[in-house]
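I've put the structures underneath this note.
Same chain, two partners: chain A is paired with chain B first, then with chain C.
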Partner chain A sequence: MHNDIASLINSSVPGANASVVNPPEDGAGDSSVLVDSSKIYEVCEFLKTNDKFPFPVLQVISGVDYVEYFEVCYMLASFNLENSYQLILKTQLKDRENPELQSVVPVWAAANYQERECYDMIGVRFKDHPDHRRILCPDDWEGFPLRKDYEVQKVYRGMEVNPEAKMNFEDREFEVRKKEMEADLLKRQLERGH
Partner chain B sequence: MQTWDMGIKELQDETQDESMNTELLTVNMGPQHPATHGVLRVEIKTDSEIVAQAIPHIGYLHRCMEKHCESIDYRGIIPFVDRMDYLAAMNQELVYSMAVEKMLGTEVPRRAQVIRMIVSELQRIASHLMAFGTYALDLGAFSPFLYAFDEREKILRFFEEISGARLLYNYFWIGGVWNDMTNAHVSYIKDFLDNFEGELEKYDTLVSSNKIFLERVNNVGVLSVEDCFNYGATGPVLRGSGYKWDLRKVEPYLLYDEVKFDVPVGTGERGSTIGDCYNRYIVRMKEMEESVKIIRQCLDMLEPGPVIGKVSKVIKLPKGEIFYRQECPRGELGIHIVSTGEKTPYRVKVKSPCFTHVSMLPFMAPGQMVADFVATIGSIDIVLGEVDR
Partner chain C sequence: MQESGIVLAKVDELLSWGRKNSLWPMTFGLACCAIEMMATGASKHDLERFGCGAFMATPRRADLMIVAGTVTLKMATRVKVLYEQMAEPKYVISMGSCANKGGPYWQHGYHVLKGVDEVVPVDVYVPGCPPRPEALIEGLMVLQKKIANERILRDKWVKNA
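This part shows the complex of A and B:
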């Protein structure tokens, strides 16, 4: 089905470069369709309105930070009682400093909050979004928590974030010790095996 | 036309006269407000008693559980998933553990599947009872809350016995369930169900057909199916609008294809309009009846056997990603797991139904009376732990 959708996108939205991404050979899970980030609005609009595989519902927008690039996944669903199918539509953003995508709020109203969350967590900006603010973190929070290189800010509005006196270091030390013990155990098991 | 029948637009037209123009008043509802079901702040701009605009401010309960998940192994995430929707923790665990099982290709023993169904349906009843009780409380009726908690307590007592905890269970493990059910548990559930059917009739006479209650909820906050699709609403909100969509029926998981049950939808009975607060409410009440039916059939399906499948000691998911969704009491909960083949997930993203439903409030509020807005918030039944994650 994903092959059909990819070829349908390619024939209707020029420049979308849709391709099917299958899970790796030693892997598992869902396959998805990858499109060019500059045509995301056109692709979404087409997917919602086409006759063959209409997707009236946008369930969630999930941003993933792969360090070299950001991936924004749109989870679409048909909500058709006879023929229920869903699609992971992906697009990649190489620009780490200023990642930007066209907002799809005019297509699905659900995108409003989802894009705000995506901006809040990953830091992808959405062009022409009607209400482009943070949603879960405070408006003046620094950094984007779900990026892989995120570091919590030291001071927020004069308050110390994670003050040492209130941190539970015993647990952390225990975690470190546990990891060492596990590695040690694994090593010994391997030695015994060979 | 009475003033309270007018929308904000008509009211503004009426008061075109400069001297009559009213100024919009900003009122903060929350973060600590009994009607917001947790720490939700809704900034409402009102024109006298009519809401002109509502802006939800969420995030007060934000713990960034998704970030935590990136540093915890797959088994350790289950307690975190519990803490999202703390009123339906079993269902959340089920979605997560089944998503991981799907990636691993684990086979879950039949007895474990039946237990999972029984427990998650009981959790659905408990969650809907909470929704019912607090909704009546929102609208000014106190005693239904006590009746609902009486029954919910019985379910929690069973959960305590089976899992050791009353609210956050860590009961569904990857590959099955932690603890087996005994015959005593089965007879306890049977007794509970026999009693509960009578209770449901009592709720019907006490609240559902109550004239005062009907006046408060009929024709308030009407949503069409198109609106629901546009905003991505699922669960009782979508079914209340008359669309017969239930993942347990459409894409059966566990053993839902072996049991017989109906999918209740809003029909616009008792003077209501399809898609209004009353229909969303009544769908939940009818769903409880269906859950009772499902549990009864499941109890007959219980056969002796193991309750946990074979899972390796250290769980490493194969490379790839999965988006898996299920029907939870508040709507469809989806989990997006990205794995790079490590012991910990690379990314976990949760599609929360309550988050989606909160985003509908600015759409539903304009033109409503403030008291009707309270009824609207209650009817979409949000849990802020899941909105903020």
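This part shows the complex of A and C:
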């Protein structure tokens, strides 16, 4: 099914560069279709309206930070009784400073909140979104919490986020010290063995 | 006494006795602790036995705030406003680990306030995750003892007069 969809996209949306990504043979995961980020709106519109594999339902939009690039996944589905199927559509954004995608709200209205969450957590901006603001964090929050290089702000509206007096740093470093002690023990045992 | 219909008591003690047996909590739940708080108010455990069952839907008519659940930083500003809207004298019970000290979010919870006592003064802390209704009732009884020992006329009016 994925190969059919990829070739359908390639023949109907020029420049989409759709390719099928399969999971490694011994690894877990699902096959997905990777498309070019500049053509995401055209691809989504085509996937919803085509006759062969129509996808009337958008289930999830989620962003992933792979450090070298951001990946945005669209999980599409058709709950047709005779022929129900799902598709994971992925696109990659190489620009870390200003990741931007075309909004697909005109295609699926369900994308509205999903894109807002993706913006809130990862910081991907969605062009022409009707209501582009944060959804979970407060409007005046700084930074995007699910980025790998995220560091939480010290103070929010006069409230200390991590008050020093309340953080039990001994507990926090317990695991680190435990590992050091274990490594030390192993070293001594090896020395004794020689 | 039954015949004459006269009861002798100090005004202060009588006031404290009356206040401790008619605490009006605010309808205010934040997370899973709120489910236990609802169970405490429902028929099986029945908070009303202790004169604390009239959950008010407005802070203006309540004098006890049970902070039941995780206080996020976004909610903390609202919690503070709600507390300030309550009429004096007012009391706060911090229910559950999250409201006490951030709970499981104490290390990596970027969005969680590390204890509601950062924004409002807390009278009684009830530990647990979430505390059973019995624990909340004990917390309430501790608060009632505290109120019974208050001398509000002597401390606030007579001294300042």
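We take it that the second predicted complex is superposed on the first by the 166 of 194 C-alpha atoms of A that agree within 3 Å, B and C clash if a C-alpha of one lies under 4 Å from a C-alpha of the other, contacts with A are read in each partner's own complex, and residues count from 1 in each chain.
Basically, a contact is a pair of C-beta atoms (placed from the backbone, for glycine too) under 8 Å apart; a residue touches a chain by one contact, two chains touch by 3 or more.
Everything numeric here is computed off the predicted structure, so don't read it as measured data.
Judged by the touch definition given at the top, the superposed model places A:Cys137 against both chain B and chain C.
When the shared chain is aligned, no partner comes close enough to touch A:Leu8: not chain B, not chain C.
By the document's definition of touching, both partners, chain B and chain C, reach A:Pro145. In the superposed model, A:Gly29 makes contact with chain B only, not with chain C. Between chain B and chain C, B contacts the larger number of chain A residues.
In the superposition on chain A, A:Lys166 makes contact with chain C only, not with chain B. When the two structures are aligned on the shared chain, A:Val20 is found in touch with neither chain B nor chain C. Of the two partner chains placed around the shared chain by superposition, chain C is the only one that A:Arg157 touches, whereas chain B remains out of contact. When the shared chain is aligned, chain B comes close enough to touch A:Ser84, but chain C does not. Residues 137-138, 145, 150 of chain A contact both chain B in one complex and chain C in the other.
By the touch criterion given at the top, residues 137-138, 145, 150, 152, 156-157, 159-163, 166-168, 172 of chain A touch chain C in their complex.
Residues 58-59, 62, 64, 66-67, 102-105, 229-232, 243-245, 250-251, 317-323, 325, 332, 334, 336, 338-339, 341, 346-347, 349, 351, 355-356, 358-359, 363, 388-389 of chain B are the ones that touch chain A when the two sit in their complex.
Of all residues in chain C, those touching chain A in their complex are 73-74, 76-77, 101-102, 106-107, 110-111, 113-115, 118-119. Taken together, the chain A residues at the contact with chain B in this complex read 23-24, 26-30, 32, 56-60, 62-65, 73, 75, 79, 81, 84, 86, 88, 108-110, 112-113, 117, 121, 135-138, 145-146, 150.
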